[in-house]
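Two complexes follow with chain A in common, the first pairing it with chain B and the second with chain C.
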Partner chain A sequence: MTRATFSIWRGDRGGGRFEDYQTDVSAGMVVLDAVHQVQAESAGDMAVRWNCKSGKCGSCSAEVNGMPKLMCMTRIDDLDLSQPVKIEPIKAFPLLKDLVTDVSWNYAVKKRIKKFKPRTPDASDGTWRISQQDVDRVQEFRKCIECFLCQDVCHVLREHNKHDEFIGPRFFVYTAALDMHPLDVEDRLEDLKKTDGIGYCNITKCCTVVCPENITITDNAIIPLKERVVDRFYDPLRLLWRKMMGK
Partner chain B sequence: MTSTPDSLIRQGFGATSRSDTWWLKPLLTFGGLGAFVVYSTWAAFQAEHYHSGPYLSPFYSPELFGDSTHAWFGPKPSWWPGMIPWSPAFLILWAPGGFRLTCYYYRGAYYKSFWADPPACSVAEPRKSYRGENSLPLILQNIHRYFLYIALMFIVFLAHDTWKAMWFENAGTKSFGIGVGTIVLMLNVVFLGGYTFGCHSLRHLVGGFMNRLSKHPVRQKVYSCVSCLNKRHQVWAWCSLFWVGFSDFYVRMCSMGNWSDWRLF
Partner chain C sequence: MVDCQTHEHDVLVVGAGGAGLRAAIEAAASGVSVGLVCKSLLGKAHTVMAEGGVAASLANVDDRDDWKTHFADTMRGGQYGNNWRMAELHAREAPERVRELEAWGALFDRTKDGRILQRNFGGHRYPRLAHVGDRTGLEMIRTLQDHGIHQGMEVFMEFTIVRLLKSGDRVIGLFGYDRERGRFRVFKAKSVVLATGGIGRAFKITSNSWEYTGDGHALAYEAGADLIDMEYVQFHPTGMVWPLSVRGILVTEGVRGEGGVLRNSEGKRFMFDDIPDLYKNQTADNEEEGWRYTQGDKGARRPPELLTRDHVARCILREVSEGRGSPHGGVFLDIAWIGERLANGAEHIRRKLPSMYHQFKELAGIDITAVPMEVGPTTHYAMGGIRVDADTQMSTVSGLFAAGECAAGLHGANRLGGNSLSDLLVFGKRAGEHAALFAKEHSAAPIDGAEIDAAAAEALAPLERGAGADAESPYLIQQELQESMQDKVGIVRRESDLLAAIETVAALRERAQRVGVAGNREYNPGWHTALDLKSLLVVSEAVARGAAQRKESRGAQFRDDYPEKSEELGKITHAVRKGGDGRMQVEAEPVRELPPEIRAIIVENQE
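Then we have the complex of A and B:
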């Protein structure tokens, strides 16, 4: 049992401050446990969102010592307890109260992305045949738990507030899952370039670093999508060829 | 979207709640890339000591015009303007330079370490405006695949240099042999190959653009080889960067007589 100090953000959109709370921590505890303990012992009105406590619901996103993390997956024994552990809400979305933010912008963005559109069925009974190798590529993207830590760390949203022009890494992963699916025939390239703002991503890979599901967001989703956009809009020889062919 | 209270947002260059050494990696990248740019520019301006025996420095390969026996089309062309300093490297170095400059890995790395955009993850930036690769000039990064096409040709030229580096001239006759320089140049091809064949654009062009690769078994094999190299693209990028610089340095030292090349056989 060790006594540790947690410096937790308390406040709402109007303002607030960091409050220090002390509590006992023991082996095996995660940051979310400590926050709950503080809530029970000395801050009954502290707002914190959580659900599964096993890194699967994506609710408990926060910033622990400055890095976006799932509180339920951040072990206390990985932290330096000689200093207060700083816990604050994610920054890319409007604050509601304490550690809770309003992430509904993400749900609105998701609705805008063109849905899955399968090709005509392969068999007369209305079914398709897909090879496992072909779906392997998108399998990784389906692990996303929508914790929005990647959205939080992405400087295009976090620092530059381009929410109106840029959908963020989470939705490039989502678009990649649809666009690279072996059955899908929808065309999303124009949207990616124009409304989704893929050109704003400067491949600095912070999204990949923070993803708790270890999705290789930049290398496997964003860059391949950027290359597809190049095919359509930036490759000079292809543009010329299409012009000559009248396409 | 900003309805995060000001007291929570850390503004100003370098502001962050991170307590770790977040500045170390961008600083090392800055030092590494900076040292390479300085050395390669210096070496390109030298226009001498770039060949030694059968060895040709990769900064000068292919030598289109020049004084060594490696030159394709003879000595310095007469049309070269007198006011511009001459070096055989100037004719070709733009190609590997452009390839690395537009490489997806290096882009991410130098945006962070040279332009602080961002300096590190969840660390505040010095500028408020941001255009990314969405408009000029950075939108031009999208031509990376054209540099790739040239880089693939360079691999062939450098492989040919390695072959030539196995034939030592002795009293008018050429005999087969391997020197330390041969191995240095050979490793250079291996590292550059690992880097070039793991390129993101190549990955896309050989198969990534398709959703049903299983219908094309050969393509699928190539795609998985490129993907495999691509996983370690960053490592290949650094190894090849260091080694191409070292290869030039090795040839230079031999040519200047500071080092003598060891013949293994």
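Then we have the complex of A and C:
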């Protein structure tokens, strides 16, 4: 048992400050355990969002010592306890209270993306035949737990506040999952270019670094989508063709 | 009446896990207006944690499978305490519900010929669980969520419902608050579907998230509905035991389905020592045969590690209590050993059990492809819940429907793995369909302002008391309740413990009257915990009372003082309801008789 100090952001829309709390930590504890302990011992009204506590629901996103993390998967043994552990809310969304932010924008964005549209069933009983290889290809994107840490760290949202013009890494992954779904026949390329703002991404790969599910967001989702957009809209031969056809 | 916003819908669904989402989708499809209220953000509900798969007799892997076998397996697993009609509907309709998910975008693992792959699981005779690695629940909830948001339902995220509103005998709405700002809301509805999940937070060691406080059970109980089978709480045999802070987190049964074995500290596969008569014919009696079964040999019988969860949990407990446990009070679950049999063992484990690999690596610093895991029982699932009509899912209160874990009947005394994901699809759909029908046949009724005022005053009391010196802490009461339930109403039960637990619940209820919290109404977890206590106390009392009345051991209920099954009590269901004096009553009622044609299916599948 060691005594450790946690410097936790307390505040709401009106402002706030870091407050230090001391609590005992033991082997194997994660940051969320410490936050709960502080809550039960000395800060009963401290707001924190969490659910499964095993890295599967993506609720407890926060910044721990400046790094976007799931608090339930961040072990205290991995942190330097000689100084206070700094815990603060994610930054790309409006603060509600303490460690909780208003992430509702993400839900509104998702609703805008064209939904899954399957091809006609392969068999007369209305089912499809899909190879395991095709399932495996999109599996990576479907692992996403919607913790929004990638959104938090993306400078287009975090620093430039382009929430109206840019859907963020999470929803490029979502679009990639739909686009590369073996049954999907919908066309989302025009939306990617016009309303989703894929051009804003300048592949700094910060999103990939913070993803707790280790999804290779930039290389496997965003870049292939960018390539498709470029092929469709910026290919010189196609441009010429479109001009000639008056489209 | 207190100042609060009112929303109006035809059908109001409470809970946005698999059952709630499926109900909302179905109701919306029939053209009524639908509201969906959930305690968390959308897509974070407990369904996300389901790992192993969804049970449906698609017969893609073994063509001997059909709904009748699934039905018979479910009844046997439930020790025939199941509502047979629910078990029948469930087995018949599960395949269609799974195929429908695929049409909405779910991607399951495939067979060689491109159909949905199915895996072995405890108590299922044939490979029956459609799955995606070990994250089937995430795939399902995300599919339902992403499909659902385009069906025209209105979603209210991070809301808690504290009271059902009635007019005469009928439910006409709900009263609750948004967790974000603490503002009260009234939801008027012509019918209500409860899909609030389970009660795991009543126990100390649980695989369940904070949301599982039995809200739906308690709301229904307070509104006069019957609860049944509350004594049957499933303890999943394999939860993590170390580090302490992750104790209880689920380790999927899929580990055993893929060939994982249980060993004690002497290295012995102790499950071979105790195979119940009911399963003798279907269980391998040597390691070789068990291994062949997990690798798809249709002639082999299943290894004893895949016996029903109640039995495996008790065997683990026996090993630990007799001194043959692992260093941290569990036993060893070894999947790494399959490397001796498969050329690419480690790679195979990472592909079939990716989130288990990840979970142990990150939380325990253990590589499961190289060393065994330490596991022990964890509170997992409530078989008991709101009594519903099998076909319509309506409770004993008019206009109030229930589906998923908070409803009861399908699983009897013990649930088979994989049957909860199919449960929530089959009965979520039925609940949504019938709630919509009910809404079309009934009109909205006016809300009684005085009742709203009373509910608001009750909800605000802990804040008004404040966290003064004489106020009780909600966290402390919750903790004491969890400890009492864990110690006295756990896997092994006895009369004296159960009676003591009932007294503890009464004492804690008394103290809960004086609970006080600091801060204001904005996102205040202390206040939320204080309000959740009411539900936790109701379900805890119901579990303890049901368990005390059932003087036998059956399925999930094991009584140290009555270790045998009683034929007479096998024909009894315990119904829990609120008496006229406000006290909880438990009544013994006869189980519905099986009609001859249904009995015949069970007999056919006996061997």
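Keep in mind that, in the parts below, the second predicted complex is superposed on the first by the 239 of 247 C-alpha atoms of A that agree within 3 Å, B and C clash if a C-alpha of one lies under 4 Å from a C-alpha of the other, contacts with A are read in each partner's own complex, and residues count from 1 in each chain.
In the analysis below, a residue touches a chain if its C-beta (ideal position, glycine included) is under 8 Å from a C-beta of that chain, and two chains touch if they have at least 3 such contacts.
Keep in mind that what you see is a predicted model, and the values were worked out from it rather than measured.
Once chain A of one complex is fitted onto chain A of the other, the partner contacts of A:H181 extend to both chain B and chain C. Contact with both chain B and chain C is seen for A:S131 once the two complexes are overlaid on the shared chain. Of the two partner chains placed by the overlay, only chain B lies in contact with A:W105; chain C stays clear of it.
When both complexes are overlaid on chain A, the residue A:M46 reaches chain C alone and has no touch with chain B. Once the two complexes are overlaid on the shared chain, A:S54 sits against chain C while remaining clear of chain B. By the touch criterion defined above, A:F93 lies against chain B but remains apart from chain C after alignment on the C-alpha atoms of chain A.
After overlaying the two complexes on the shared chain, residue contacts for A:D33 are found with chain C alone; chain B is out of touch. In the superposition on the C-alpha atoms of chain A, the part of chain A touched by chain B in one complex and by chain C in the other spans residues 12, 131, 181-182, 184.
Within the complex formed with chain B, the residues of chain A that make contact are 9, 11-17, 63, 65-68, 80, 83, 86, 88-89, 91-95, 101, 105, 131, 133-134, 153, 155-163, 179-182, 184, 197, 199-206, 209-210, 218-219, 223-224, 226-228, 230-231, 234-236. Interface residues of chain B facing chain A in the complex, by the touch rule stated above, are 1-9, 16-20, 104, 107-108, 111-112, 117-118, 121-122, 124-125, 128, 130-135, 138-139, 142-143, 145, 200-201, 203-205, 208-209, 211-214, 220, 230-231, 233.
Of all residues in chain A, only 12, 26-30, 33, 39-40, 44-59, 73, 75, 96-98, 100, 102-104, 107, 110-111, 115-116, 118, 121, 126-132, 135, 138-139, 142-143, 145-146, 178, 181-184 touch chain C in the complex they form. Listed in rising order, the residues of chain C touching chain A in the complex are 40-46, 48-49, 99, 102-105, 107-110, 113-115, 117, 132-133, 135, 138-139, 142, 146-147, 149-150, 155, 157, 180, 209-211, 242-246, 249-250, 354-355, 358-359, 362-364, 467, 473-476, 479, 517-520, 522-527.
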